[in-house]
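Each chain carries a letter (A, B, C and D) given by its place in the written order, and its residues are counted from 1.
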Amino acid sequence: MIKAGILGATGNVGQRFVQLLADHPWFEITALAASERSAGKPYGEVAKWKLETDLPESVKDLTVVPTDPKKVDADIVFSALPAELATGIESDFAKAGVVVCSNASSHRMEKDVPLMIPEVNPEHLALIDIQKKNRGWDGCIVTNPNCSTIMMVMTLKPLMQFGIKNIHVATLQAISGAGYDGIPSMAILDNVIPYIGKEEEKMESEALKLLGTFDGSGVKNAPFWVSAACHRVMVMDGHTMSIWLRSEKNPTAEEVKDAFLKFDSGLSDLPTSPKKALIVREEPDRPQPRMDRDQGRGMSVSIGRIRSGHDNAIKYVCMGHNTIRGAAGASILNAELLKKKGYL
Amino acid sequence: MIKAGILGATGNVGQRFVQLLADHPWFEITALAASERSAGKPYGEVAKWKLETDLPESVKDLTVVPTDPKKVDADIVFSALPAELATGIESDFAKAGVVVCSNASSHRMEKDVPLMIPEVNPEHLALIDIQKKNRGWDGCIVTNPNCSTIMMVMTLKPLMQFGIKNIHVATLQAISGAGYDGIPSMAILDNVIPYIGKEEEKMESEALKLLGTFDGSGVKNAPFWVSAACHRVMVMDGHTMSIWLRSEKNPTAEEVKDAFLKFDSGLSDLPTSPKKALIVREEPDRPQPRMDRDQGRGMSVSIGRIRSGHDNAIKYVCMGHNTIRGAAGASILNAELLKKKGYL
Amino acid sequence: MIKAGILGATGNVGQRFVQLLADHPWFEITALAASERSAGKPYGEVAKWKLETDLPESVKDLTVVPTDPKKVDADIVFSALPAELATGIESDFAKAGVVVCSNASSHRMEKDVPLMIPEVNPEHLALIDIQKKNRGWDGCIVTNPNCSTIMMVMTLKPLMQFGIKNIHVATLQAISGAGYDGIPSMAILDNVIPYIGKEEEKMESEALKLLGTFDGSGVKNAPFWVSAACHRVMVMDGHTMSIWLRSEKNPTAEEVKDAFLKFDSGLSDLPTSPKKALIVREEPDRPQPRMDRDQGRGMSVSIGRIRSGHDNAIKYVCMGHNTIRGAAGASILNAELLKKKGYL
Amino acid sequence: MIKAGILGATGNVGQRFVQLLADHPWFEITALAASERSAGKPYGEVAKWKLETDLPESVKDLTVVPTDPKKVDADIVFSALPAELATGIESDFAKAGVVVCSNASSHRMEKDVPLMIPEVNPEHLALIDIQKKNRGWDGCIVTNPNCSTIMMVMTLKPLMQFGIKNIHVATLQAISGAGYDGIPSMAILDNVIPYIGKEEEKMESEALKLLGTFDGSGVKNAPFWVSAACHRVMVMDGHTMSIWLRSEKNPTAEEVKDAFLKFDSGLSDLPTSPKKALIVREEPDRPQPRMDRDQGRGMSVSIGRIRSGHDNAIKYVCMGHNTIRGAAGASILNAELLKKKGYL
């Protein structure tokens, strides 16, 4: 078993890491790190567990440690740190020889840091060697994208064959994406908030790196643009988005559907990989977050309403679980790929 | 006072008509028509009043009449009938010499039927004369658009000067748009439904007629296209939408904002016309349905987040009250314009 | 395997029966009965499956049959029929030799019909023999209580030792209790409905029969009263209730808690029986429906806030999953008890 | 016009004070006090206005002052301070000669501080003279009760004639009662929280003082007890509660209803007093928070479902707007009574 630590272990995404790693066949939780305030106390006491499944017995009595490489006994750490803390701390861990799988946005767009979705760009892992060399680190940092970006990009991967020219995307995002205390109930009851800070920028930039080409020395961005409009809605988990796709080859809706159906992630040997990364729904009104977010134990992206639009567009809807597929599960799948590829 | 009847008076939009007309300075409710089941009983008994304001005393004891021109004593009728009934019944009323202001979709796209937003295309009213001649009717049918279409088109009107080429629009629509029993709570709690029957088609077609040119004999559609993606969310009232606009003149966000701010409906003499038809919000996260839907007594459309997008697009958000501005209030404003223009 | 049919198989509770029986170790779904409209068609086509787990493959292609003992090939039927249909149909099945486990209210209060919660009154099963004799039936009808009653009565069972004198109970009930189309979203968003038809009456009468004494010939009601106030709230699943208990022995809160903790259902050999029928939460703000309803695969009742009140009352909160513990799961547990006791 | 200041002016209840006082015929807002962080800046900039009506123009540019009697130019201050700050600050203002109308709980139960509902115990105002004498203050502190207590006690007032013996009450309380950031959306979506800190204690103690007898030197508590169970539900505004009343005279439901209908507050000369303090609904499923909270501009309490219960109880439901009738409006009505009685 590989020794795994979790940074930011008491927060919303941190708790998801605990939940998903508690019975993991390859990783064993050996360290739960949180703020100085929580350090020294049992996790069960400080975590204020907010998930519907019970707090795993195995971590209940684990003493929380400070977020310090010297105090965290682990070969790999999963980082659920807020961006403003992640920048420095994650580097410290990598410097100290630890593999960091981060859900934070801090390092995502750095040239020698892999921004990864195992189903999409496994070859980008090679950036690790460049990163280690550049920075003289024993460890490394590997990141997963923003939650909305993940759902969108997973559906774009099998469509790259059509020569994507541009994407319009409108999101309807769940409240859990903002953290447990992020959205006051008075802000969102009977309401929509048509703004999520930096979300549109992330979707527009991260997608291009993820679908870019690794040429041996770096990643060349994919040659299209994404234009996003992001909205928060009263949904617990599950980001829904409507996409307009335009491409060189102008496939029919049927051809796009076939591309989704034929998509094989080639990751069936990774424990967190779902049987089907992409699920195509035939009902006219699906996917829906409450109905479909738990597909593939929260790791599948569901797609529906594939149809033609104006100006040769294909329109469709996709949806995935934002704190599993879009956050903790994404980092863990990255870690599983790292193990498979010998980086762990 | 002009004698006004309401068809479909017990439904969701029918109740809004009652609410908005109860104290109207020009119209007096003289007839409330509903199904045979309700006819003959006092409105207060059969209406199952669902609005937050009290059922107006003046209509509580009015006896409901059948939906029959012979039984409805009125110079004008406001129709909140479902489309499948509206087709025949509205024609019967027009034939019988009554002016029909309809919220139903049945006649909207007929060539000699005005599809109206007073702020947008008052000159289309001239179709009435053609309609009367064509059909040999003493009365006439005037329609207002679909609720989502209204919000969008009102914001497009002042942007026509830039030479609109195309619109992408994603909507987040309120549950009241589906009628009181339309959306079961189990369908929408903690959920999004990314589909509304025929809504995308309506937005894509009605907008072009509304913004089209009346050439003396008919309306020539506006020369651009609209591509819509419609979603239902857990909001009581208020349809929110994100728009990508592309145009010949590629205005800046500032120029688009100025166009909104300068827009004057010229309707200040109509009682239902709001002080400002378009309201521009400066906050980064507005408009929001719960906060802004009652602006201008529900008749204003609020706009925000005006910004540049890829490929010379201007992106913005707009929102309006779907059962007032988008339904009953829209019909009443049409009626007020008819009166002003001498058709009543 | 025992051949099991489901009556009312396409509705909300009917779907729960299908979900819970699909992998049951003792029962095999051999017949799905629904209205004439659905009969003859594959279940997958007519069911409009609304549960978050996928429609089980094993029933997708099963042809729906009419609700007629001659068309339903089963040794036992689970009835999710509405009360107005259940009265006659369930009798017909029992007459035809079938064991009927019913969730309907129709027969609950009949003297020779067992109203059962296996953890509470297994000895009442003996009414079956009386029922068969009285009615000359080969089959029989066994009922489970109303959903709210179940949660309350399960917590009262271990408190009977204190000599219960009376109960005040206020409920906060989930929307799923009214069926899929029962509560329009416009009725309940940002709202409470302080009324549920006949619910208070059911809680007040069924509890006394359930906790009554079987004396060989019939059930003598328990000698206390229940006074209920029922409310509908915007929760998907999980009925929460606050209880004031008064008793002869005036136990302390600690003694009441001990009684809950010591409660052993003695049903560990029944597959649907949860490990713990009653779960006591220590947190000040639990149980909560979203957090606790899935405990024991939806079959446990969670209890919290046990405290002293005025006039020697003990106050506490309890909560359970209304469509599992309170409906389909309750019927299935009854059937398991029937099998264990040799009635099947 | 009387010069009025608001303490805690930027919070949830503070904003309600601003909204309700902006056009008040007797009071003029002359000072808005908030934390040091906000002091010195325009109210419109720091308030983060959260109410659906627009921020009143008259206060937009008012410079926020520190919460210090020397900086607040006012004859009366309305306090929306949190309890932990209110204790000292309110005393400082009273000492400085200002009349303090407080919504905070700090001073409510002090013997020489009036805890007031003008419809209920106007004679308790006489405590002011005792307070001034006791404390040597020029000003004074007058408090209004906790929001839930107000709704309940207003309905109990006309029932005192029956000789109340005891009250069981279960509440379903709105999220706005916890302040804007009080309840995270992730805590309450699809959920009930069966606990509100100190709420049950407040209802159980404050009610007795409010309905107590002023004997010239102090208030003697009313001779009955209240036992409360409090729950938070997903409602924006409006606390609903079910009450079981037991009394010496055992009135019928009809007699209780008559008592409500006959209740006359005698306050028609106070601008904030609603036409009817108590409204009796005849529908079986009312009052409901979304439908009835705005009755009497948020100042009426609506009552329904008056019925007999066990053990001579009368059961009924009542509901009122918690941040208007239950907070800001309550304080303002107190101030109006003070003015009428010559204390201002």
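Just so we're on the same page, a contact is a pair of C-beta atoms (placed from the backbone, for glycine too) under 8 Å apart; a residue touches a chain by one contact, two chains touch by 3 or more.
Computed from a predicted structure; not experimentally measured.
Colleague: Compute the centre of every chain as the mean of its C-alpha atoms, then state which one is farthest from the centre of chain C.
Modeller: Max centre-to-centre separation from chain C belongs to B.
Colleague: If I rank B-D and C-D by number of C-beta contact pairs, which comes first?
Modeller: Top pair by contacting C-beta pairs is C-D.
Colleague: Using Cα averages as centroids, what's the distance between chain A and chain D in whole Å?
Modeller: 47
Colleague: Could you give the separation in Å between the centres of chain C and chain D, each centre being the mean of its C-alpha atoms?
Modeller: 42
Colleague: Two-or-more-chain contact residues of chain B, please, as numbers and ranges.
Modeller: Answer for chain B, listing residues that touch two or more other chains: 189-190, 234, 236, 290-291.
Colleague: Which residues of chain B touch chain D in their complex?
Modeller: 52, 189-190, 290-291, 294
Colleague: Residues of chain C touching chain D in their complex?
Modeller: For this pair, the touching residues of chain C are 166, 168, 170, 172, 189-195, 204, 225-227, 229, 231, 233-236, 238, 240, 242, 244, 284-291, 304-305, 309-311, 313, 315, 317, 319.
Colleague: Inside the complex, what are the residues of chain A that reach chain D?
Modeller: Residues of chain A touching chain D: 12, 50, 175-176, 180-190, 234, 236.
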